[in-house]
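First the structure, in the form of structure tokens, and then the observations on it.
Per-chain numbering from 1; labels A, B, C and D assigned in written order.
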Amino acid sequence: MLKMTHVTTHYGPIRALNDVTIEVAENEIVCLLGGNASGKSTTMKTILGIVKTTSGQVEFMGKRIDGLPTYTIVRRGISPVPEARRIFARLSVKENLEMGAFIHRRDPGYDIEAEMEEVFKLFPQLRERLQQDGITLSGGEQQMLAISRALMAKPRMIVMDEPSMGLSPKLVGEVFEIIQKVSKIGIPIFVVEQNLKKALSIADRGYILNKGQIVMEDSAKNLLQNENVIKTYLGEE
Amino acid sequence: MFWQQFITWINLGAMYALLAIGYTMVYGIIKLINFAHGEIFMCGAFFTWWFMTAASLPLPLSALIGILFATLLGVGVERIAYRPLRNAPRFAVVISVLGMSIFLQNMARIIWGAESQVFDVDFGISPIFIGSVIVPFKKIFILLTSLVLMIALALFIKKTYLGKAMRATSADREAAEMMGINVNSVITLTFAIGSAMGAIAGILYAINYNSIDPYMGFNAGMKAFAAAVLGGIGNIYGAMFGGILLGIFEGVGAAYISSMYRDAFAFAVLILVLIFRPQGLLGEGKSGEQAKAR
Amino acid sequence: MWLLSVRSLTKYFGGLSALKNFDLEVETGEIVGIIGPNGSGKTTFFNVLTGMYQADSGEVFLRDVKENILTKRTHHIITLGISRTFQNQRPFNNLSVLENLMVGGHCRTKGGIMSALLKLPGARRDRVWLKDWAHEVMSIFGDRLLSMKNNPAWNLSYANRRRLEIARALVSKPRVLLLDEPTAGMNPAESLQLVQNIQEINQRGVTVIVIEHDMNFIKRLCQRIVALDYGEKIIEGTYSEVRNHPKVIEAYLGQD
Amino acid sequence: MNKPRLDDLTGGSQITTQGPGLQKSPLVRMTEVFALSRWYTKLIIIFACLLIPFIVHSNYAMRVIIYICLYIVLALGLNVVMGFTGLLNIGHAAFYATGAYTSAILMTSYGIPFWLTVPIGMVVGFTFGLAIGFPTLRLRDDYLAMVTLGFGQIVYIVANNWMSLTRGPRGIPSIPPPCINFFRWHIVIDSYRAYYYLILLFVLLTVYACIRARDSRVGLAWMAIREDEDVAAVMGINLGFYKTLSFAFSAALGALAGSFFAVFQTFVSPNSFTILESVIIITIPILGGLGSIPGTIIGAIIMIGVPEIFRAASEYRMVAVGAFMVLMMIFKPEGLLGKKLYQQVYKV
């Protein structure tokens, strides 16, 4: 579905991504792992068109999307769950969900109420908080809202940037369970994560990024057992 | 006597509020002050006057055309003075928009002359007595129009998809874009609504004072900005509240302290608020992000 | 003998704790590394230490300074001998390299507007001294900064801007030098060279605290390492102690 | 003797270290030779300026040249705040007015000689600068622009309404010309040539002050604040002190120009100090290049000189000024002589 081929990205003179090739197939959870400042967020931003590529291309459903503005990419069917959740603080939970459905506002076949009911099946807590401002939710609830907001767009694919960031270990576990549930609906998910073990425990495949380059690519099971993976995180013994 | 004056103050305040909304909406979305907003206010009044006198159209029609023209002008200001400078330092944008304001003011002076023009509107309805207070009909008209517009805007912001998208964009532009919102069109829409409000304020102002001149935008704009800051810039309800409060401040100051310094009160309020409570009366402190301590 | 002593430092950001009861004692002449995943409070620690953020509670003491240095204003802290670099590179872009360094020496010179206008000898002597001193500091990095000294800072390569920031911090004659991710964006050869530079600086008596995520860099440079997670210190010790500690592995890799 | 050495990196045991190094490095010596040679070029320029009244005979042309010089003083003063410290000030005319009114009132009502009113005016301006500098501790860019705009307007309104002091819109007429009494010499400055030499003296003083300030420790601190306020504070620069100082310094230079304006016009009224006046002053350093002293001088020559040449189009002058500000910011924000600026912000 999503295919990044030989993508290189620069922030000014600094090369942030170097010849990155990533592929996400249908019904897959793929995770991109790496330590601090390895270029994970840049990868996500490149997919979403926030950062422009210097070379290489990004394809979605067989069509090139690099160079398109972010909102067009989102309208093509990639829904993001941004880093640090980015809930609209002064909008109520309901309005936040409506923003997720923004791209369908003129679509007569789209029933926002039904769609919200679908979301509440996954996250029953949100129903009680519908009229509260986004900022009043706890960190875990905000993460659920961010995921539901992405689901409201009826995406063909979801990309997540560090869903575990800033959450307590218990909540981290919950979030990853949710990701698994979402994936069961039939939506492919691309997760950018620092939390290696948790991410690999739910993912089908994984890529490991170090200093802007893909250093390893394997099935999740193999990566979990690979000793070299730890070294890219923690350095030599 | 007091109530007589009070109505005048509230009237003035309502006009400031309408104008302040434009500042606050634009600030909310691009985090910059639209220095040219006062000129939109002036142009709205002048366009209307122009169609009324030169084309002898009736007031409602010329007002409509005037508002349309002023709205286009406001959108044009964004295209020319803001958009090419989106990634430039704030410093440069401020200078560019200030230049835009000078340009519009002097263009108006060249086209319509530097002298003040008579803006004659007669509703033909006799003043209304409320107890011992005589209220001219035009004051009631101004107050009602402002109120209706403010309520309509509040509903638009609160209830419609576009209004919510505007709030979302002003809260977090990048996240809004990730929701599939075309931020550029939201910005254009914001300028358009703000400018339309400003133009209507200009027309009401002209109806109230029966006279317009190319320099009227500067003072009114500064005061409306003071009102927006007083209420908490970026907050639309704050702008409405701040506008009416400023109208009362100014009236009380002029009536009981010194009428000669009437204009200075608004500026003094502006400076004091910015120094001591930059987030404004209704602000939450977030809008004071660039007002740093230390 | 401790030089810098941090006692139960706490900093909240809107209810979330970025630093929680953080304790640290740094000996004179040490190189201490601080590691931890993103958002673990490393940079917050530096920001609180240099007065950019106000701490919620806790104290920091520096040898020979009687009061808690957190009560000092930002611009005063460098005078006491704590100087830093920035994670996201913040040289004064439109100033030349030499001028950047001279700003670093601001707190070690005197002279107000009057002495400038009247060309008083004191201020001039200070300025001459400062220029010489800046040249000396630049020579730590060999010819890399010296050859560029009249170029504006934005003209520099990425690695040179990092060096410029370190040099700018050194001109203030710091006792404690705080380096925030000095190797970000550098290639392996450059970061190897930086290890030598920092060691040289350290041998001249500057105590160094360095935040870094490149573990190989930390391994070569630091005698002692502190690991942070969720704003709390999880362990401190030598490289191999920290590297193999289960809590550190968990912080980086997540739980099973 | 005490050449700084790297062994002394931490400053030994002292916390504050003073650098007494007297020995000059070859480089410092070279720059001094260079500066000395610059003195000759400077002398030639000054000499050429002194000769101008002997070459230009038309009174009108002299008047334009005097105005250009007046605006050089104003713009260089503003350049301190805008170019060096990077703070917007859209109320410079307020300081200009302060100087003009101080001189006018003291000379007409109290008979104080001009030469004494100049320093008094500068002190008053300096004080006003301190007052307006206070908000700058908390505000930047557009907010600061609005506050300075409001401040300028308040000064204008006060000048217009404080009848007992300023005579309001009627202004203060018949300000006596300054005169020099030196033993038996008694020179009255009332010809264009004399006024020219007076303003030339002010220009030279201003240029000197600006160069000295820029090349000093204070100037460096100002520029560091312009580049990055937070980092400047961490590097030991007292933001409040230096920002306020920059406003006060700029205001004193504005007041200097005002004093000259009062005696040159022999009449001051609030209409000379409107917002438009401030805007015209702002455009000068923008055109020349913010922070550049020669740029500002050339900017003044163009901004004041060119409209005088096209007098027929004076109607359109302010329109052109406005359009110019927009276009300049879009296409050449660094100005004619400014250095190429770093604008791109890289975030990692």
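By our rule, a contact is a pair of C-beta atoms (placed from the backbone, for glycine too) under 8 Å apart; a residue touches a chain by one contact, two chains touch by 3 or more.
Just so we're clear, the structure is a prediction, and the values are computed from it rather than from any experiment.
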| item | value |
| --- | --- |
| Least step count from chain A to chain C, where 1 means the two chains touch | 1 |
| Centroid comparison with chain B (C-alpha atoms), farthest chain | C |
| Winner on C-beta contact pairs when A-B is weighed against B-D | B-D |
| Inter-centroid spacing, chain B versus chain A (mean Cα positions, whole Å) | 42 |
| Whole-Å gap separating chain B and chain D, where each centre is the average of the chain's CA atoms | 34 |
| Separation of chain B from chain C, taking each centre as the mean of its C-alpha atoms, in whole Å | 48 |
| Distance between chain centroids, defined by C-alpha means - chain A, chain D (Å) | 54 |
| Multi-partner residues of chain C (at least 2 other chains) | 73-74, 184-185 |
| Numbers and ranges of chain D residues touching at least 2 other chains | 233, 239, 344, 346-348 |
| Touching two or more other chains - residue numbers and ranges from chain A | 13-14, 37 |
| Chain B-touching residues of chain A, taken from the complex the two chains share | 48, 50, 69-71, 74-75, 80, 82, 86, 88-91, 95, 98-100, 102-103, 105, 149, 153 |
| In the complex with chain B, residue positions of chain D that touch it | 86, 88, 90, 134-135, 137-143, 145-147, 149-151, 153-154, 157-158, 161, 229, 233, 239, 275-276, 279, 282, 286, 315-316, 318-319, 321-326, 328-330, 333, 343-345 |
| Touching residues on chain B, where the partner in the complex is chain A | 161, 164-165, 167-168, 171-172, 174-183 |
| For the chain C and chain A complex, residues of the former touching the latter | 16, 37-39, 157-158, 181, 184-185, 213-216, 218-219, 230, 240, 243-244, 248-249, 252-256 |
| Contact set on chain C toward chain D in their complex | 50-52, 64-65, 73-81, 83-84, 86, 88-90, 92-95, 99, 102-104, 106-113, 115-117, 119, 123, 125-133, 135-137, 139-140, 152-154, 168, 170, 172-175, 184-185, 201, 204-206 |
